[in-house]
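Next, two complexes with chain A in common: one pairs it with chain B, the other with chain C.
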Partner chain A sequence: MTGAVGNACLAVGLGAALYAAGAGVYGARSGRREFVTSARWAMYCLAGLLTIAMIMLESAYLRTDLSFKLVAQNSSHETPTFYKLTALWSSQEGSLLLWAFLLSVYSSVVLLVTRRKLREIVPWATAVLGVVAAFFLSLMIVFGQNPFAKLARAPVDGNGLEPLLRHPAMAIHPPMLYSGYVGFAIPFAFAVGALITRRTGADWIRSTRRFALVAWTLLGTGILLGALWSYSELGWGGYWAWDAVENASLMPWLLGTAFIHSVMVQEKRGMLKMWNAGLIMATFTAALIGTFLVRSGILDSIHAFGASTLGVPFLIFIGVVAIGSVVLLVSRRDSLRSEGQLESLLSRETFFLLNNLVLVVLCLVIFWGTFFPLISEAVTGTKQSWGPPMFERWTVPLALLLALLSGIGPLLTWRRASPATVRRALKWPLVATAVALGVMLVVTPAAESVTSLIMFTLIAFVLAAVAQEFLRGASARRVMARESWPAAMASLVRRNRRRYGGYLVHAGIAILFLGVAASSGFHAQKDVSLRPGQSTRIDGYTVTYRRPTAGINSDRGGTGAPISLGAVLDVRRGGDHWTMRPSRNYYKNNDGTGGVFGQYFTGDSTSEVDLRWGLKRDFWMAVQPDTTGLMKPLRELNRRFSNASERTQIAGFVALMEVYRRTAPPAQFRAIVSPMIAWIWIGGAIVLVGTLTALWPTAEARRRRAASLAAARLGRELSRA
Partner chain B sequence: MGRAAAAIHSAGVEYALAIVVFGLGVAFLVVRPLLRPAEREAPDQARREQLEAAKEAKYREIRDADLDHRMGKLSDEDHRETDRELRRQAIEILRQLDELAPEEAPGGPEGADARR
Partner chain C sequence: MDPARKRKIRLVVALTAAVVLAGALVWTSFGSATEAATPSQALHGAPGRSIEVTGKVVDGSVRRGDPLRFRVRDRNGATSIPVVYRGTIPDPFREGREVIVTGRMQNGTFVGQRDSLVTKCPSKFQSKPGGKTL
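Entry: the complex of A and B
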């Protein structure tokens, strides 16, 4: 029944999406509002249907209904319940369903919010959203990516969730990332509507600005969660590898960052209309490329578990979106002329434009580096790729420039600023920056890395500029309203949420950059083989391998790993002393290679890092146990107890674990000391707070909304009377 | 008929039934707006909403410029000029709002009729 209901939801949903597209276009062209309303209801129905489909699929995962191909591929009886729930988006089919579901929810919300606004643009936006939803649904129904596909015979047990994905950050990372990608469909659809109807003023931006900001925040959060997963799960100790899929998520985020800045120029000055429309179209195209890359497998990536064969329809759709956008932009260029012009180079809009150019160039550099293997293969016949040093050579100078611009921007005013006021605005931030630079040179080893030193100096400038903005604003309010400092600060932010939320975001990004610059410029790493009792030193720390550990179903991370081999280590530095327990989890090989006992050592294994978090530095440890000593006992166990009772086999595993603990073979360790890495996550949290501040409706908007709701209700009730 | 064939047949029936149920539900909700007379809007309602939003945005700009001036980021002269320009634009928006037909009672003419 679950499969039938799920399939029916997809089929009827496809019909509803196509109808919404058709009714939207007909309503727009004929002027018949009832068709526009009907199209909006079709999108509501789509959201309802896809919600039911999601519930059906999640219920199949929770029940471990192995008659579903997807459940058998990505879950098992032993998969922990939390990871059964998150297994849905580990598969391609489930991800497509999630994409379509999120799009239907976003679309319903935006169409509800704008049902009495933008009368000319909304029908076309509804049609665009309907077409995008129909494309994703057709991938599931027509192109064989059905999440409700059944197996002719259900297996006894499933493959289980890919071990690398059994991590809390990875459970939330894909929905966040997809929410970001999908969210950019909303401003994209309204931009298309605005261009078609030649309503290219700032109205479409005002109605979709919040959606763009939500998408930008969720995508950024998803990227950070991915970095956290890489750092604490992948066992190499880094958080960013310039991997193709990582880059693919960064590109729309960078373009989205440019967009949420440049739309302010259009709102306030009526400028950059063509640029903004082009930017959101490029952002959405980049979001589609991001989805495509993770699902196509055309580029080698650590995300290879997502590889599949959706290439052709996806590429065609991306091509249609990209070419269609360009054609629309060119055909409407006469409606996209600026209403104003730059009055002075010393103005905020000038610096927004510069920031936009840097962000777009950064995105193009990353695009070039990401697709370089394909480009080089097409041109020379040999696949060459850009490694992290190549990416860093190009992106670091651009990041430094971006940091400088994000410090200067808030100090300038719209339209024009006189040199005298700019000098006054720059004075204290520059003094604070000089003091910070002096302290860094004298007290810290920052001078050992010139790039990091420049970045630290620029970060000090950004933070000082933001602090000055808060202080001067609060000071002005104190004079104006005779308030205390805390009250003045609170009312300043409350009355100017967008501006001061934005400044908080700048401070958060600066702090994030601080973590990146410190951890990449000054981290120490050591790979060493140790026997129990042996010690090693790294960056002033003494690490001693006390004893090996081995356990059955004893994984502390709750991943459901059957076997964990690890180590207990003592770490000392001066009077500070603590114990660390890194381990490696071993998962059963589903094809049975290695025999009853050996199959647990021929399947996937994952590093379970132990981390000591700190504001000054993190101490990171991973272990690679040597299992060669277990091969002989494993062969013996396979030979003697393969057909024995389950109890005897468990006793065999217990004995095997004891062999590992007793023989205590040398293990390979990786120790990393990363300074200030925690500030990356703290900076991310500040960005989130800043965005929420900017998103929160002002008291004035709340009053307006309440009045409009009351007016609508009054109208309804009076018309019934 | 074998057990497998029976299962396939049963799944087919369930699927068809679910399509009919969901299809009818969606059709009902989607067709309903087509059967109702279209909502009557006050003339120029969309234009009025756009102008109201533009007015709010312009007021916000005036307040922003005022805050910048109080913070010392905008000189007296620059503030005077910017403020004058922004107020001129705000007045233009207010003039366009005044040119629109007088706002009817919420809910359109029916609402006004009912009130009378």
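Entry: the complex of A and C
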């Protein structure tokens, strides 16, 4: 029943998407508005249908209906309820459905908002969104990625959700990332509509600016959550590994960052039209690559590519999007001429342009590095890969340059800044930076890492520049409106949300970079094997392994792990003293190797890191217990109690845990002291506050809306009278 | 200076910068990236050179301890080489899973660099969003 409804929703949805595409194009060409309206309603229907499909699939997960292939693949009776729900997007098919669902919701919202605006552009944009939705639906229906596929015979239990994904950050990371990817489809569709109809003014940008900003924020949040997951769940202690999956999500984010800056130049000065249209097209293409190419196996080898069922249709679609974009840009180049010109190198638009160039170069470098295994295999025949050092060698200088530009840009005026005003604007930020540099050199060990020192100095400059902008604006209001400092600050932000929200974002990114520079330049790490009672020293801390722990169903993280082996440690520095309890979770092997008892030690196992967060530094601790001593008792248990009652078997496990605690074999520990790493997440939160500030409807817009509503009411009353 | 000439100069400067940058990117990439190899290629290749071996962990070959010892075989084949490794062991590391490890051949044994072991996820895990190959 659930499956039938789900399948029907997908099939009818495909029809609705194709209809929206067709009716949009026909309505645009013939000028018949009713077709455009019906195309919009088709998209609303699609959103409704896919919402039902999502509910159907989630209900199958919730009931653990193992006749569904997906449910059997990545859920099970024992999976905790929360992770049953999030298991939906852990499969390829489920995430395709999520993609299409999010796209249909975004599309409906944007079409609702613009239903009385942009009469020429909207029909084409509707058609583009319809085509994209139809592509994703056809992957599910035609190319065998059906999320509602059934198994001929339902297994007794499912595989369960991959233990590594049982983490709150990982549960919301994929929907965030996808919301970001999908969100860029909206400005993309409107850009295509604007180019087709040659309405290349800033209207399409104004109508979709918020969508681009929302997409950018969600994608950024998703990336940060992924980093947080990597740091606090994976047992290696880092948050970024220049892994292909990570890079794939960073590329559209970088291009999106460039886009939300450069559109301002078009809004203010009518310049960079070609660039903006090209940029959003590249961003959407990168988002498609991010969604798919990494999962297609293409990065493993060119030859593995043919084996993937999704590879060919997706590559064709990405090719169509990319080539279509270029053709459209070239054919419309006459309507994309600039209305203005760069008047001076010392102007805000010049710095926006430079920041754009750096961001695009950064993206291209990461693209090259990510795809280098393919490029080198194609060119030289042997596969070579870029390690993290190569990525760092290229990206760090570019990041420094970016920080410098983001500090100077906001201090300059549009069009042309006179050298005298620039000097005045730079004076106090430069003084503050010099003071900060002096303090760092005298008080902190920052000079030990030159790159970090340069970064810290630039961050001080950016923060000082932002602070100056706030103080200048507020002090002007204080004088003009006779307000107190807090009131002046509040009304300053309220009256110009976009600008001051943007400054907050700059400050947030600077603080995030602070965390990155400090934790990568100055972290201490130690891998050591300890017996109970033994101690080790790291960065002035004394770490003592007190005793081993072992428990059944004892994991505090709510992952539902059957067995946890861990350690209790004392950490001490001076008068500071605390206890840490890292552990390792062991999950049942699904194919039963290892016997009734042993199967719990041949399956997946995950590090459960213990972290002591701090504004100054984090203390990070992971343990790798040695289970070789348990192998003999396990064989014994398997031999004697394999057919025993459940209670006897539980008693067996309890005894086994006791063996581990008593024999207390030496365990491998990894301790990391990372200074200021918490500021990465704090900076991310400030960015979020900043974008929300910028997105919040302005008082003026609210007044306008209220005024038009009042006018409409008056009109109705007049017509009645 | 007339605007047309100025634009031309800017274009030339920008293009030169782009070409230099692209050249540097290509040059440094091919110069310093590590060569990737399968276990059988590593076995027959020149010893002592730093390479990145990708292959599957042979069933029953893992000896956990310090150092970690295991054998890694070709993805579709039986040729395998012994590996000695110290450092972090990624959570998904298991027999039968695909791993990448950087190091060099010494007397028929592949000696891995510290912390260079990366576990590629099996197809079940690979298809997950954000399913890092780490």
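One rule holds in what follows: the second predicted complex is superposed on the first by the 694 of 721 C-alpha atoms of A that agree within 3 Å, B and C clash if a C-alpha of one lies under 4 Å from a C-alpha of the other, contacts with A are read in each partner's own complex, and residues count from 1 in each chain.
In the analysis below, a residue touches a chain if its C-beta (ideal position, glycine included) is under 8 Å from a C-beta of that chain, and two chains touch if they have at least 3 such contacts.
For clarity, every value in this text was computed on a predicted model and none was experimentally measured.
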{"item": "Superposition on chain A - do chain B and chain C clash or fit", "value": "fit"}
{"item": "Partner chain(s) touched by A:606 [first = chain B, second = chain C, both, neither]", "value": "second"}
{"item": "Superposed model, angle subtended at chain A by chain C and chain B (C-alpha, nearest 10 degrees)", "value": "140"}
{"item": "A:581 touches, of chain B and chain C: first, second, both or neither?", "value": "neither"}
{"item": "First, second, both or neither for A:19, with chain B first and chain C second", "value": "first"}
{"item": "Partner chain in contact with A:526 - chain B first, chain C second, else both or neither", "value": "neither"}
{"item": "Chain B versus chain C - smallest C-alpha distance in the overlay, whole Å", "value": "21"}
{"item": "Chain A residues touching chain C - in the complex, by the definition given at the top", "value": "73-74, 89-92, 95, 159, 162, 164-165, 170, 173-174, 177-178, 226, 229-230, 234-236, 241, 243-246, 249, 295, 297, 300, 341, 361, 365, 368-369, 372-373, 376, 380, 382-387, 390, 393-394, 527, 529, 604-607, 624, 626-628, 668, 670"}
{"item": "Residue numbers on chain C that touch chain A, as the complex places them", "value": "3, 21, 25, 28-30, 32-37, 52, 64-66, 87-92, 94, 102, 115, 120, 124-134"}
{"item": "Interfacial residue positions of chain B with respect to chain A in the complex", "value": "4, 11, 14-15, 17-19, 21-23, 25-26, 29-34, 36, 38-39, 45-46, 49-50, 53-54, 56-57, 61, 63-65, 67-68, 70-75, 77-78, 82, 85, 105-108, 110-111, 114-115"}
{"item": "In the complex with chain B, residue positions of chain A that touch it", "value": "1, 3-5, 7-9, 11-12, 15-16, 19, 23, 32-35, 37-38, 41-42, 44-45, 49, 116-120, 150, 152, 201-203, 206, 267-268, 411-418, 420-421, 424-425, 469, 472-473, 475-476, 479-480, 495-496, 499, 700, 704, 711-712, 714-716, 718-719, 721"}
